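Two complexes are shown next, each including chain A; its partner changes from chain B in the first to chain C in the second.
And now, the complex of A and B:
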């Protein structure tokens, strides 16, 4: 390809770069110059992750043709700090915990800089408007706005009140997130930033049909393209199926494609453009077959079968065997009490059906992985995952390798939310690496994300509730249908865990709950933040508002009457030891009462939610370094700052500072085993094992010191990297001295903790335009029972982020299909995420006090419960504002005007 | 910038390079062939030995533009189908490597020695390898490996043109 040489100034340095005419400025920065602090999120100017300052203005570098940058002055995130001294905006982002995954952060920081260069004292509205081109999926923007306000004040030279500043590394303190400085400077290496010598790039050949037989695949023309190294189809791979729950999914389609975007072949070439061109030249002949796209239709007898001629599938990573009944891959019914009798004696019965759309995790970082062959015939993989050990298991299964020959390194995840649990990108790059003998990288495009990741299941939920005239709930029946898509993935577990929660956090003495996961000819759906619960809570909490109307009661009173109280049991089996749920409820209802929605077309909506936080056997590795500082290694990935919380607990127990502790995760070759990181389980379980480990390590050091000081271990205490005599702290031995001749370290494993339970109550105030159906979110409040907040800044981050994801789910987010099963909205232009300008500051109330059943310090979980009731609360607000009920999410302007 | 077209390990590479770029830097940094390593930059150690049109050269002593229109074979191109080249196998069988840093260049040079002298004496092997320094092995097993490879390849059908293998 003809090239030209570009001359420009980047971060103050004059550069000459050979480029091709099709290069964008983003390509120049990332691919030609290795400045990978600038991120690629969508490639079409919608997400803002690639924001740079271009002659002083914030622009999406993916929209600037390279040639247009001739002579330009470009500042990237790498150019902002002064050596290791952060720019005030970067420092403010760290101080205000205005970042979580860190993938949008470089662009966000530069967008903020462009604003503050222009407007030194912006209002909150001006900040939100200026940042509305930069999508963040984690934070919900509240802390970002605060960081920009803080930076503005610093840059104006104002002296600030006590900021977060340096704090003691103790439980309950807002300790700085591990890795925050790397994230605000663009130095964090995500999987898609990895560059190995001789690395090839991969592209996938995808099905254009929802259902078709593959008649032939011809690769000659593609292989003849200069630079193409390998093309693999199912015929080149072992005939193996795998999956999270059941083993029903091949890595490349075998004989038949089951959704538009299904993986048919995969190509490796010297660069990404060549790989894509080769993928286009692979000739696949299909014989289209009838497809079934609606979950209700698929559940009916006589529908086209997604897996014809198959009775069931063996277990996958979690060993769940599937027995198929038509397209139903999972069915369950539970009955508790005499439901029919209760319905017979009820004063009021309400029976309604609710529908929810598939919601995408929409992490700003797309799926990405790099694989490199190893000398022993195995493969090493660097990937963006929440489940490195499941990736290892999946790759080993798909490629027929022992786990000892598969090494998985979990890179920083640029947003995950459950979307980075399933195993599909890694086996493809691993197979290509083994075929070519070269490292191979694959990064999904935004279109691929929307067509072939694992979003939240669409559901159809019928709810029937029986109540007494005074509002006492008597019985409920639920029928829960989840659209699994072409493979089971996590959907049977979505059904199973949702059915357990059909009472909502209320007293419902009689319950019949049944549900099914149903195959359709669409992408498979997977785990997404509190799988099943936002959908179920939308149905249950809409139902509560409707029931109140039918009873002629205030919906808040109906809830208050039935909410679980002190001494009652949740469905997890946990007994409430305080009135924590009522405290959450009261906190929110009081805020509502103080700000009545008096204006026309304006209303509050409220919803209550809950989440069961499971226990798992956990392990951790701790060792004392030669100078007495400590290293911690865990096998869970650092989701949402969990690693910081785990480290904080260890530092607290050992009486050391965060700078005296290094914490790392996770390399499957060296880290202790851990299950997937998700379900709000990591902090609950891992802080427990880490604390136990720290205690044991301290005991060992005390024992050694006691010998040296001729005292008893029980007379010793640890502080300041020393073991001291309690009654005379001047008598001490340093950790360093204690390990000088004999290393000290432990691997600890603790059995699974019992499950614990979290509640969240959200309220949202909206105004709805009667002309356009447009919804404005005026206020959003969250009260969340998280046990002990180990790091309150991070707990708030989860609350804000979870609530805003729920607002998106309620108002804008929906993966739509055309009549042929193609995803109709294949980019962030059409799949609309909440922006900073769409949402208000999220008001967070951390409700502590109710401790978990754990024997530790009583933390629970926060990521999932923060999301659970948000969709329902916002939906109740919209329906109250328009005075009509909408039974299907999202509550788009079309549905609002049509209601 | 100057455009070069070089066939590296059987694949045509077209790249813009500065005229002063050394072949070894082109191979490592542009093409990504880091199997070819740099030990001295002054053509003393031979670690960067590759084949240019089938003959061994120290790639730190050749400009990338000199390779324009020619074929380069590196250590990564002599086992294209996953089976070790006979010389690689002989090094493996005879424990002819320790740290492995000089090994790529040593193997490329050894292949060239046998191409020129299919049945060399020990002295011919040692003289043939004198431009390639090894700090670990004392050369003993390297010489053994090359001799073993020569006997295994002296079958009438055996290929002696390593670079084409």
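And now, the complex of A and C:
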């Protein structure tokens, strides 16, 4: 391919760059110049992660052919800071915690700069409009808007009141997120940014059929292409199946494909283009077979089987064995109380069925991994994952390696939300690395993300409720059907955990709940933020509003009457020690009462949700460095800022500053074992073990100091990297002195905590256009029971992001399939995430006080509960505004207008 | 496959000649927002191998007015430039609104109105707005220049009357009559970054007696191309600008358009929206016309 030389100024420096005519400006920056701060999220102009300033204007570098940049002046995120001094916009993003995963951040910062260069004092609306081309899946935009406002004030030369600024590393303080500075400057290395010497690029050959037999695969033509190094099919790999719950999924399709996008072969070549071209040249002969696409149809006897000739699968990572009944891979029924009798004596019975669409985690960072062969015959993997130890287990299983030969390094994840738990990309790159003896990188395209990731399962949920005329709930029946897709993945757990929460956070004396996970010929669905709960809560809370209407009651009154109170048992078996749920509810209903929705076609909707935060055995490593500072190592991936909270607890306990503590995660070779980061479990469990560890370390240091000072350990306290006498602080020994002759460090493991509960109440105010069914979200309020907010900024971040994801699920997001089972959404243009312009500021009320048993100050997880009732609250608002119930999400303009 | 060469001619005729060399696989590159994203997603077939950039062709300007008062927009004039132009905002509000609503700031900084029109997407906001101002495309080839009225520019989904080697050099709009007003509305799901389910634009001119002297109604996403609904327009002529007439025009428009069902909306929804929203758009255009008249007198 002909090369040409491009002349342009990048970050103030004139550069001559050899490029190929197919390069975009984004390729030039990332691949030719190594400026990987500019991110790729889609390649189609939809996400804005690739934003740079091009002759002063914000543009998508993925849409600019390299040659069009001849003579241009380009500023990338790397060019903004002055040495290590952050640009005021970057500083404001750090101060306001306007970033979580950080993948959208470089583009967001530059879009903000383009705005502030033009409009020094923008309104909130102008900011939201200016940022509408930059998708953020994590933050919900509230803190981003604040950061831009703050930066604008600083740039105008205004002196600000006491801002976040540097704070003590104490629990309860808005301590700066670990890694925030790297993220705002584009220095964070994500898996897709990794570049190793001799690295190859991988591409996948995918099934065009929802169900077909593979008759033959011919690779000669593809292998003949210049630059192709290897092509693997199932025949080249051990015949092994694996999966999160059960071992039912091969890494490449064996004999049969089960969904459009199913992986058939995988190619490694010298560059990504060649790999893609080779993948196109792999000739697969299929014999198409009848496919079953609807979950209800698949559950019926006699429909085509997704796994014919098999009656079960052994356990996978979580050891759940499956017994198949047709396409049903999991079934369960629980009964509590005399349900039938209660229904017989009820004054009112309501029986409705609700449906939810599959929704995508849609992290702006696609799945990405790099694998390199090791000298011992093993493999090292750098990947974007929530579950590095499960990746290690999966790769070891698939490739028949001992775990000692599989090293997994969890890179910064550019958004996950459950989508980066399942193991599928890593075994492919690992196998290619072992085959070629070279490092191999794979990065999914946005379309591959839509076709072969692990979205939220579609559900069909029938709810029957019996109530007394005064609104007292008597009994409930639920039938919960979840579309598992081609493999079980996480869906049986979705069913299992959802069935436990069928009462909602209410007193329902009698319950019968049954459910099933059903295979269909579609991509497998997996964990997505509070798996099953947004769907279930949509059904239950729609049902509560309808029941209120049927009873002639105010829906708020119906809820108030039945909400769990102090002393009552929650669904997770805990007993309420306070009236926390009512406090959340009152906070939100008061805000609603203060702002009645009087305008036409406008209404509030409210929903209550709950989540169980599970316990797991946790461990941590702590050691004192030679100068007395401390290192902390944990095995849990840092998704939500959890590492910061964990470190904060340790720093607080040891009386040191964040700068005196280094915290790291995770490398499976050296980090202590931890389960996956998800389910809001990390902060709950890890602050517990970390605080316990810090205490033990402090005790050890106190003991040593006591000996030196001839006192009792109980008379000592830690402060300022010293141990001193409480009574006479002038008598002290430095940490450094205490470890000079004998290193001090501990490895600590704590047994699993009991599970705990958390509640959230959301309210959303919308207006609906009567002519078009378009919805505008006017206000959104979140109240969250979090025990103790270790870092209030991060709790708010979860609340804002969780609520906005729910708004997206309610109003815009839906993966659709055509009649052949092909995903019909093309890119982010057809899978519409909320933009900054679509959502209001999220009003957050942190409700503390109902503490957990975690020694991490009684904190609870917040990521999932903050999301659970959002879809339901928004749906209730829309239905109230139009005066009619919609039984299916998303509540699209069409359904609103036409239903 | 991505394009393999990008050429930057310095004159229109050179550009036209380069395009003619391999007409099947060459494409004009303006802002590239449509072409690059669609090529990347495999939606352009056959994928262009040669891109002919308009970047280096000298121009008379970006936005200018001729002596007869007509507005000229160059092939390289971006949506952001048009959106920021006070005169366009004043005189062609529907066009202004369309240009401010397309894509994101990043898209508008690169995308051109001419590219929007030439993309001939049925959902091209700018094309719909341009249709209701009696716009003309100034076309050049390797040896001549000629005019094509926008009403006869679109020939099918993503096809225009342009032959290989023909390039739109500029768009031209006659000055609107003093008692006229226009309005624009796009209907979709998100407020931003949304390929619209229905696009509506209208311009209305009143006579001295306050009756409708001329009306132009353009719709997008309800037919294979952006369309004018002349039957509905005709129905308004000579009438007072009143809701009943607007509703009747909307009924006709809804019945005569030819929408499809796709991932964005069903055909029925689109018709319903035309029926419900067009009266509001016409109303706003008429109100602006009356305001213009008051200002003028």
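By our rule, the second predicted complex is superposed on the first by the 897 of 899 C-alpha atoms of A that agree within 3 Å, B and C clash if a C-alpha of one lies under 4 Å from a C-alpha of the other, contacts with A are read in each partner's own complex, and residues count from 1 in each chain.
The criterion applied here is as follows: a contact is a pair of C-beta atoms (placed from the backbone, for glycine too) under 8 Å apart; a residue touches a chain by one contact, two chains touch by 3 or more.
As the structure is a computational prediction, the values presented were derived from the model and not from experiment.
With chain A as the common reference, chain B sits beside chain C without any clash. Once the two complexes are laid over each other on the shared chain, residue contacts for A:827 go to chain C alone; chain B is not touched.
In the superposition on chain A, contact of A:64 is made with chain C only, not with chain B. Using the contact criterion defined above for the overlaid structures, shared-chain residue A:130 touches chain C, although it does not reach chain B.
Within the superposed three-chain model, A:812 lies in touch with chain C and out of touch with chain B [touch as defined at top]. In the superposed model, A:18 makes contact with chain B only, not with chain C.
Partner contacting the larger number of chain A residues, of chain B and chain C: C.
In the superposition on chain A, contact is made by A:837 with chain C only, not with chain B.
By the document's definition of touching, neither partner reaches A:662: not chain B, not chain C.
Once you line the two complexes up on chain A, you'll see the smallest CA to CA distance from chain B to chain C is 16 Å. Those residues of chain B that touch chain A in the shared complex are 1, 3, 11-12, 16, 28, 31-34, 76, 82. Against chain C, in their complex, chain A makes its touches with residues 1-2, 21-22, 24, 43-46, 48, 51, 54, 57-60, 62-68, 70, 111, 114-115, 129-130, 132-134, 273, 277, 447, 770-772, 774, 776, 811-812, 816, 824-827, 829-830, 832, 834-835, 837-838, 892-894, 897-898. Within the complex, the chain C residues that touch chain A are 1-6, 8, 29, 32-33, 36-37, 40-41, 43, 51, 53, 55, 80, 103-107, 109-110, 187-195, 197-198, 263-266, 268-269, 272-273, 276-277, 280. Partner chain B is touched in their complex by these residues of chain A: 3, 5, 18, 197-199, 226-227, 270, 437.
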